[in-house]
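Scrolling down, you'll hit the structures one after another.
Shared chain: subunit A. Partners: subunit B in the first complex, subunit C in the second.
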Partner chain A sequence: MNTDKGKIIATGGIIGLFGALLVKFGNPVNMGVCVACFFRDIAGGLGLHRASVVQYLRPEISGFILGAFGMAKVKGEFKPRGGSSPLLRFILGFFLMIGALVFLGCPLRMILRLANGDLNAITGIIGYTAGIWVGIQFLKRGFTLGKSTTNSTAAGYTMPIFAVAILLLLVAAPTFIFFSESGPGSMAAPVTLALGAGLLIGALLQRTRLCTAGGFRDAMLIKDYHYMIGLIGIFVFALLGNVIFNFETFKIGFEGQPIAHNDHLWNFLGMSLAGITAVLLGGCPLRQTILAGEGDGDATITIIGLMAGAAFAHNFGLAASPAGVTTNGKVAVIIGIIVALAIGLSVIASVAKEKAARLKKREGGVEVGI
Partner chain B sequence: MEYNIIDARGRSCPEPVIMTKQILENYNGEIVKVLVDTMVAVENIKRYAGNQGFLVEVEEAEDEYALKIRK
Partner chain C sequence: MNNYYCVMTFHSTYHALNFEKILKEFNYEVRLMPVPRQVSSSCGTAAEFQCEKKADILKICLDNHIEMDDIHRIENQKKNNWFVKLLNDKG
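Moving on to the complex of A and B:
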């Protein structure tokens, strides 16, 4: 048990340190590692949205996927699987991204923001916790996205091949790929460092299964603090890393934080939406990325939903910016919360109906027997 | 030997743990057998049941796992 604890703290620690180091070497401040932001940048790089300040093919993402893929292969855990409510997963992934882009960061960036003094992350954490609590209520009442089944090998390789394609396009830089010339998308650590960090983090996460949603969820649901300890590891080491490597950007407060706004209500609601959807999906964006590397087609669909959400967020002016949250963004978060709750309630009703039908059938069978 | 069997194969995280939790909360002395097909589910159930003071034995066969849980 103690070695497990050591491993999860070490994994969190390495993520936290790279979160600080990648900023030192060029990534945007408090964005050493951010899964939502990086998929958003990739969606922009591919031209799915035209927000010129957030377009780049982030090699960290390819690293997460390929690191998890390699480790899963070595450990015999690469299993092509899927078919568990792909459409609902796409929709939940879509709105998870909307919530994250209104807050300005995925749950991982939320922790990294706090570790650099951005107190708006506290509002985010409260929102995320509230969302996870809501998600848990659905789980307790029987929410399920249904069983996955074994898929063909080709399906399992989808995300690893996507990851390689992204790297090739990054290096080849053809004219149809968009690269920001200013703003966060133009700020990047060297490709080899970003990819190396991604590979290491991906491999470690495949082994330790660390998940930001899992950390809060398990603490509330089954009083298991295993993943929560890993999240604390991320925070502590990112804090140390920032103080050592990025002290010039370290600033405690709500005002003027990098790539953030201090609209508390929408920071809260944005992360509430991310929390509900992450619990219903069975994992945060980071965890979905690792699962996709292991051949999980359901996680892959979720990621496609995340990227579609990012594309819509910037095409329709839903994403927030340091200037604040847009009206469109507020409406989108409200719609997202309603959709997530409707999916939760509808699935519970279907599960209860199926259960009742099964019981009735069984009773019928007994009568025939008599 | 009597078993309570839970089939959590194909279920995504954390459903296998919740299904196990619901049965273990009404543990009646019979061995509980949980079927899963990912190592994540094995680890999560082992950790949860272990924390609740249960003994867990894992058998692996053809990429599937059977966990036998008892006091």
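Moving on to the complex of A and C:
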């Protein structure tokens, strides 16, 4: 049991340290590793949105996917699968991204922000916890997106091939790919370092299955603290890393934090939306990325939803900025919460109906037997 | 302590919670946990119980319409990969 604890803390620690190191070597502050931001940058780089300050093909993402893919292959855990409510996953992924971009970061960046003194992350964590609690209420009442089934090999390779394509486009830099000339999108660690860190983190996460949503969910739902310990590992080592490598940007407070705003209500609600959707999806954006690398087509659909959400978030002016949250963004978060709740209630109703029908059939079967 | 244990997996968290609730009513020791990696790499909840009680538990599940996925026996392997070695050397 202790070796398990050691592994999960070490995994969290490595993520936390790279979170600090990648900032040292060029990534935007508190964005050493951020899954939502990086998919948003990739969506921008591909021209799906035209926010000129957040366009870059982040090699870390390719690293996560290929690291998980390689490790899953070596360990015989690469299993092409899918078919578990793909459309609902797309929608939940879409709104998860909206929530994250109103808060300005995925749950992982939330931890990294706190580790650099950004107290707005505390509001985010409270919101995320509240969202996960709401999601758990659905799980307790029978919510499920259904069982996935084995898919063809081609489906399983979709995300790994996408990851390679992103790397090739990054290196070849054809004219139709957008690269920010200013803003966060222009700030990046060297490609080899970013890719290497991504590969290592992807491989480790494939082995340990660390998940930010899972950490909070299991702590609340089944009083299991395995993943939560890993999240604390991320926080502690990112804090140490920031104090050692990025001391000049380390600042405790709510005001003037990098790529953040201090609109508490919308930090709370943005992360609440991320929390509900992540629990209903069964994993945060980081975990979805790793699953997609393992051949999980449902996670792949979720990621396509995340990227579509990011594209709409910037095209429609939903994403927040250090200047604050836009009215459009507020409306989108409210719509997202309503949609997530509606999906939750609707699935519970369907599951209950199906169960009643099954029981009735079973009783009917006895009669036929007579 | 046994160096193996059994886990039941489920199609949904709801079934896992139901399993725990009903078996506790029958005074069986059950512990919910994340699905062990040896079983599956998906994110989910499983229930740990004593393998010796498997037959009784299965009967209770059938009587109470608890929906199950599968039962797995997990061996606590002697761990000696490089990563654990590294941690042990340091510790």
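In this section, the second predicted complex is superposed on the first by the 369 of 370 C-alpha atoms of A that agree within 3 Å, B and C clash if a C-alpha of one lies under 4 Å from a C-alpha of the other, contacts with A are read in each partner's own complex, and residues count from 1 in each chain.
Convention: a contact is a pair of C-beta atoms (placed from the backbone, for glycine too) under 8 Å apart; a residue touches a chain by one contact, two chains touch by 3 or more.
Note that the coordinates shown come from a computational prediction; the quantities given were computed from them, not determined experimentally.
Superposition of the two structures on subunit A shows subunit C clashing with subunit B. Look at A:K24: by the touch rule set out above, it reaches neither subunit B nor subunit C. Touch criterion met: A:T149 reaches subunit B, while subunit C stays clear of it. In the superposed model, A:T3 makes contact with subunit C only, not with subunit B. In the superposed model, A:K73 lies in contact with neither subunit B nor subunit C. Set against each other, subunit B and subunit C touch different numbers of residues in subunit A, with C touching more. Residues 77, 79, 139-140, 144, 146-148, 209, 211, 214, 218, 221-222, 224, 226, 282-283 of subunit A contact both subunit B in one complex and subunit C in the other. For subunit B in complex with subunit A, the residues that touch the partner chain are 9-15, 17-18, 21, 37-40, 43, 47-48, 50-51, 63. By the touch criterion stated above, subunit A contacts subunit C in their complex at residues 3, 6-7, 10, 72, 77, 79, 139-144, 146-148, 206-207, 209, 211, 214, 218, 221-222, 224, 226-227, 282-283, 287, 291, 294, 296, 351, 359.
Put simply, subunit C touches subunit A in their complex at residues 11-14, 17, 32-34, 37, 41-45, 65, 79, 83-84, 87-88, 91. Chain contact summary for the complex, subunit A toward subunit B: residues 1, 4, 75, 77, 79, 81, 84, 139-140, 144-149, 209, 211, 214, 217-218, 221-224, 226, 282-283, 298.
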